[in-house]
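Note that the chains take the letters A, B, C, D and E in the order they are written out, and that residue 1 is the start of every chain.
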Amino acid sequence: MLLSYLPIVLFVLLAAGFALATLFLSSVLGPRRPSKDKLSPYECGIDPVGSARERFSVKFYLVAMLFIVFDIEIVFLYPWAVVLNSLKLFGLVEMIFFLGILLVGLLYVWKKGGLEWTS
Amino acid sequence: MTEARTMTINMGPQHPSTHGVLRLVLELDGEIVVRCTPHIGYLHTGMEKIAESKRYQQVIPITDRMDYLAPLSNNLAYVLAVEKLLGIEIPPRARVIRVMLTELTRIGSHLVWLGTHAIDIGAMSVFLYAFREREQILDIYEQVAGARMMSSYFRVGGLFADLPEGFEKTVRSFVTTFPDRLAEYEDLLTRNPIWIQRTKGVGVIKPEDAIDLGLSGPNLRACGVPWDIRKSNPYSGYEQYTFEASKGSHGDVYDRYLCRIFEMRQSVTIVRQALERLPDGPIAVQDPKLTPPPKPMVKQSMEALIHHFLLWSEGFRAPAGEVYQSIESPRGEYGVYLVSDGSNKPYRVHFRTPSFVNLQSLPRMVEGRLVADLVAIIGSIDIVLGEVDR
Amino acid sequence: MDKLKEAEPEEHVTVRTLRERLPDAVLSTKSFRNEITILVRAGDIVRACRYLKEDPDLRYEFLSDLTAVDRLGEHPRFDLVYHLYSLQFKRRIRLKVQVEEGEMAPSVTSVWSTANWHEREVFDMFGIGCEGHPDLRRILMPEGWEGHPLRKDYPVQASPKWWEEGGKSD
Amino acid sequence: MEWLVFAPLAAVALATAVSVIVLRNPIYCALSLVGTFFALSGLYLLLQAEFIAVVQVIIYAGAIMVLFLFVIMLLDVGHEPPAWLRRDRPKLVLGIVLISLLLLELAVAIGSRVSQGIQGPYTSELVNAIGNTQLVGRLLFTDFLIPFEITSIILLVAIVGAMVLAER
Amino acid sequence: MVPDPAFFVIMVAKIVVVFGLMLLSVAYLTWLERKVIGDIQVRLGPMRVGPHGLLQPIADAIKLMFKEDIVPQAADRWIYLLAPTLALTPAFISFAVIPFGDRIRLFGRTIDLVITDVNIGLLYVFAVASLGIYGIVLGGWASNNKYALLGGLRSAAQMISYELSLGLSVVGVVMLSESLSLVQIVNAQSTAWFIVLQPIGFLIFLICAIAETNRAPFDLPEAETELVAGFHVEYSSMKFAMYFMAEYANMITVAAMATTLFLGGWRGPFLPPVVWFLVKLFLLIFLFIWIRATLPRFRYDQLMRFGWKVLLPVALANIMITAAFVAMR
C-alpha cells in the first residue's frame, strides 16, 4: 500500500523542485536595480499611512472557526457515505441526527447574524 | 476579541477604478468604509487662469480638454455663453448641427461611462463592446473636425466648417445600428442577477440630499427629480425636438444606470430628428467682425483680408457685462460664467463643471458601505477628472 | 450689437419680494442679457439665501454655482458670485457679495452642502475665507502652495518655485 | 525497510516541533507546526491508516492552522519572545520540571513495553482488504455510534462558543 | 516484496509526462483564454508572436524570467519567497491521482493511465486543495501591503467557505460509488455518468470549483478594480508568474475533477479514452472562460452569503435526499 504513495511523493518533489528552480532562476536572471520607491509598498502612488498589519475585523475569526467545525463534519460524512449502502436505513437515521444537531448550530449562527458580512 | 481598529488606506491617484487621478483616503473597518475623503487637484491645469489671457475664440480648445469624453458639450456651453454676451443669434443650420453633434457626444460619453462602470463591477466584455461603438462616434468627430477627440468644432458665431460629404450617411448608419447594440448591452446587464445585486440599493441618495449637494444630470434624475436643462431652459433650439428626460426613483446605482441607458436612446431619437430637419444655409453668422470670411474671398477682397487679419490678431471685443450659460452636458449642469470688461479677452471665466459638484456627494453615498460598493458608486457618478480639476 | 431689450430688474418678482422682506440686504440690482444680478450686503447673504431658498413663491433650492471675481484696483476688491436656480419656477438669479482683501465672507454651507467645495475653491484660488465653513483648506492646489492663482496680481507664468524646491503634496 | 521511511519522518516531526517553540516569529512557528502535521500524517500512512493521514492534513493543516494564521496575522503578535521566557523564573522552573516528568514517564513506558498494547482483531492485511475508509466507517457507525453522535453535540457547542466569542 | 524495475521506469515516465503536459497546458491555457475572450469581445487577442500568437506563452515566460525580482523592504523576506512556492506546488500535485484514461497495453505491459490509484484519492485532492490557501494568505501578509492583506484575507475567507460546499457536493458521488478512489469512481460510472444521478451535486461542485480557483464571478481576491491586484500586488517577475500558473493549474485540476467525478472521467464511445478525457476537460475550461467574459463580479458579502446560506444548505439537502435513495434501495 505504501508503494502507491511513492509516486505522489515523487510528484510533490518534482513540483516543489520546479517551483524552487523557477524562483532561483528568476532571481539569477533578472536585473537588480532597487530604489526607495520600488521597494516601498504600493499604495496608489502615495506614501502609505501606518502599517498594513493591524487588527482586523473579528468576522474573519468567526469564518475560520465555523469552517473548522463544518470541515470536521464533512470528514465524518466520507466514511459514512462509503458504507451507507450496507448500513441502510440505520445509517441514514444516524446521520440525520448528526447533521440535525449541527444544523441547529448553523441556524443559531444564521439567526444571530453571524453570516452577515456587511455590519 | 478586542475592538477592531480602523485602517487608513489610500485609494488613488494611481488606481484602476478611480477614473483618473482621484485620490480617496479611506478609513476602513474590515471592508466597510467608515470615512471617505476625496482629494482632488492632481490634474489641475489652471484653465480658468489661462483663459483670462486668451482671446475669446482661443479659449475654445481649452474647453475641449476639460471633459475630454464630451468635448463638444464643453464647446457648446462656452460658445453659447460668448454668443449670449455678444447678443447674437446663429443661423438655424448651425443650431441643428450643434444639437446633432452634442447628442452624439452624449452617446459617446455615456458609452465610456457604461464600459468603465461595467468593467469596474467585473463585466469586462461590455467595456470592449461600448468602446467599439464609441469608435464610430470618434470617426464622426474626425469627419467634421479632423480631430478625433479634441475637436473644437463649435465656434463663436457658428461652426468651424460645414459638414463634409457623406456625413449624413455615416450618422444615419450609426443611429440605425446603435439601438440594437444597446439592446445587446442591456441583455448582458439589465436583468443580470449579479449586476442587479451589485447595483440595486447601492449608493442611494435622497432627492432632497441630491439637491442640497447640487447634483445634476442623470445623477439627480435617478433620484426622481426630473430636471433636464434641455427641457426646463432650452438652448440651441431644444424646444423643437420631441424627447423625454430620463427619470429614476430610487437614486441608487441601478437607477443611474437605467437613466443613462434611457438617455442614450433619447439621444438617438434627437439625432434622427436633427437629421430630418437639417436646413440649408450658412453655418455661421454673417458678420465679418466675428466670423472669418471664406478663404477664397480673403485672397480676392482687401476688406476680407483685413477682417481676417484682425480676427486672427486681435479677435473681437465683447461688451462689458456678465453672463451665465448652462447646458445639459452628459454629466449634468455644465455652466459657464463669463465676465467681460469690454476687451477682446474674457476678464474672468468660470466653469461650473458637473463632475466637480457631483463628486462632492461621494462620501455621503459610500460611508457605511463596502469597498466594492465604492467602486460601483464612483463608476455610477460618472466623473471625469479633467473636469473636476480643470 | 447691443440691441436686445433688457428687462427692468426692479420689476422681477425675486427682487420685489426680496426688497420687501429684507430691505436692508439688497444694495443694488442690475440686468444684463435678461439676467438679474442682485448685490447683497455681505452680512446678509446667508439670510438672503435662506429666504430665497425657502420662500414658497421663489424656491431657489438649487445652488448652481459659487465663484469669485477679482476686480483688482477697485474697492472692495472681490466679488463673490452665487448662481441660484429654482427647479420649480425654472428661474435663475445671480447674487453678489463684495468683500475687501483680507476680509472673510460668510459661508453659505449651512444653507447648501454643495457650497462646501465651491467655497474651498474660492479660498484656494482667491484667498477669500468663508466664515463658518466646516473644513476650509485648499482643494485644487497642493497644501503647501503659496499664493492664490486666480488673483489678478498672480502672474500667469508664475515661477515654478514650488516644484523646484521638490515640494510634495502632503 | 519501514525504518527507512520512519526515521526521516520522525526526524522532521521532531525538528519542526522544536522549531515551533524556538523560533521567534509566530508565523514561522505556525508554519513549523504545519510541517509537524505533515510528518505525522506520513507516520499515520506508515501505520496503514490512510484515512487518518489525509484527515490529519485536511483538518489540522487545512483548517485549524488557517485559524492560527488568521489570529497571528490579524492580531500582529509581536516578534519579541514572550516576557515570561526572560523574566518569570518560577514558571520556567515549573516547565522544566513538568517536561522532565513527562520524559520520565515516556522512558518508563518504553522500558516496560506497555506501549505495545494489545493486538487488535484488525491486522493490516484485513484493513487493506476491506479498505481503510470503509473500515473506519463501518466501526464508527456501529460500535462507536454514541461517541460519534456526541461529537455532534461537541461541535454544536463549538459553534455556539465561536459565535459568543465573536459577538463580544 | 520489491516490484520489478519496469514498475519504477513506468512510474517515473508517467510522472514526467504528466508534469510536462501540465506545464505546457498551463502555458497554453493563458493563450487559449486570451484568444477565447478576445473572440467574445470582438478582438483578436495575441497575434504578434508566431502565427496567431501561438508562441506568446513562451515569449511571456522568457520575458517574466528576465524581469526584476523585487522584494519590498517592509516585506517578510522568507515568507514572501515561500508563498508563491506554496501556491504553485499544491496546484500541480492533485493530478497525481486523477485517472486520465483506461489501462493501455504498451510493450507487452498493462499500464494504468493514472499516476497512482490510492484508496483515498478524493480526500487527497481535497487535502491538497485545502493547502492552496497558504500561498495566498502568506503572500498577502508577507507583502506588508494593505491591498495585499485585504486581498489575501478575502481570498482565505472565500476559499474556506466554498471548500465546505465543495466537500459536501461530492458526498453523493461517494455514496453511489462506495469508494474514495478516483479510479473506482470512474469505474462506477460505466452505466451512467454521475451528472445524471447528481445534477445538483454537479452544479454545486462547479460553482465551488470556480470560487476555489478565484475566477470570475468570484475573482474577488484579485478584483483588479477594487484591490488593484489583491494578494499578489507586490509580486513581480517569476514569483508573480507562479501565482498565475497556480491559478491556471488549479483550473485544469478542478476541471479534471469535475470530469472524473461527474462526467464519467475518460468514459465515452468511439473515441479513445484519453481523447474523451481531454474533450471534457476542454469543454469545462471553455465554460470557465466564457463565464469570465460574461458575468460581473460578486461583492464580498454577497459571495459569503451565497456560500453559507445557499450552497451549504442545498448541498446538505442534496446529501440527505441521495442518502435516502441509497439507504432505501
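FYI, a residue touches a chain if its C-beta (ideal position, glycine included) is under 8 Å from a C-beta of that chain, and two chains touch if they have at least 3 such contacts.
In this text the structure is predicted, and so the values were computed from the model without any measurement.
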> Taking mean CA positions as centres, which chain lies farthest from subunit D?
Replying inline: C
> Which chain pair racks up the highest number of C-beta contacts?
Replying inline: A-E
> In whole angstrom, what separates the CA-based centres of subunit A and subunit B?
Replying inline: 48
> So what's the Cα centroid distance for subunit C and subunit E, whole Å?
Replying inline: 62
>> Just the number, please: Cα centre separation of subunit B and subunit C in whole Å.
In response: 24
>> From the mean C-alpha coordinate of subunit A to that of subunit E, what's the distance rounded to whole Å?
In response: 14
> Of all the residues in subunit B, which ones touch at least 2 other chains?
Replying inline: 1, 7, 9, 15, 31, 370
> Hey, what residues on subunit C touch two or more of the other chains?
Replying inline: none
>> Give the residues of subunit A touching no fewer than two other chains, as numbers and ranges.
In response: 1, 5, 43-44, 48, 51-56, 58-61, 64, 66-67, 71, 78, 81-83, 87, 91, 99, 106, 117-118
> For the complex, which residues does subunit A have touching subunit D?
Replying inline: 1-2, 5, 51, 53-56, 58-62, 64-69, 71-73, 75-76, 78-83, 86-87, 90-91, 94, 97-99, 101-102, 104-106, 108-109, 112, 114
> Contact residues on subunit B for subunit C in the complex?
Replying inline: 40-41, 44, 46, 48-50, 52-53, 84-88, 209, 211-214, 225, 227, 232-233, 319, 321-324, 326, 333, 335, 337, 339, 347-348, 350, 352, 356-357, 360, 389-390
>> Applying the document's contact rule, which stretches of subunit E touch subunit A when the two form their complex?
In response: 3, 11-12, 14-16, 18-19, 23, 64-74, 81, 84-85, 88-89, 92-93, 95-97, 115-119, 122-124, 141, 143-149, 153, 156-157, 160-161, 163-164, 167-168, 171-172, 174-175, 178-180, 228, 233-234, 237-239, 241-242, 300-301, 304-305, 308-309, 312-313, 316, 319-320, 323-324, 326-329
> Quick one: in the complex, what on subunit C touches subunit B?
Replying inline: 1-4, 32-33, 35, 37, 61-65, 67, 69-70, 81, 83, 87, 90, 92, 94, 112-114, 116-118, 125, 138-142, 149-150, 154, 156, 169
>> Per the contact definition, I'd like the list of subunit E residues that touch subunit B in the complex.
In response: 37, 40-43, 146-147, 150, 154, 216-217, 219-220, 223-228, 292-302
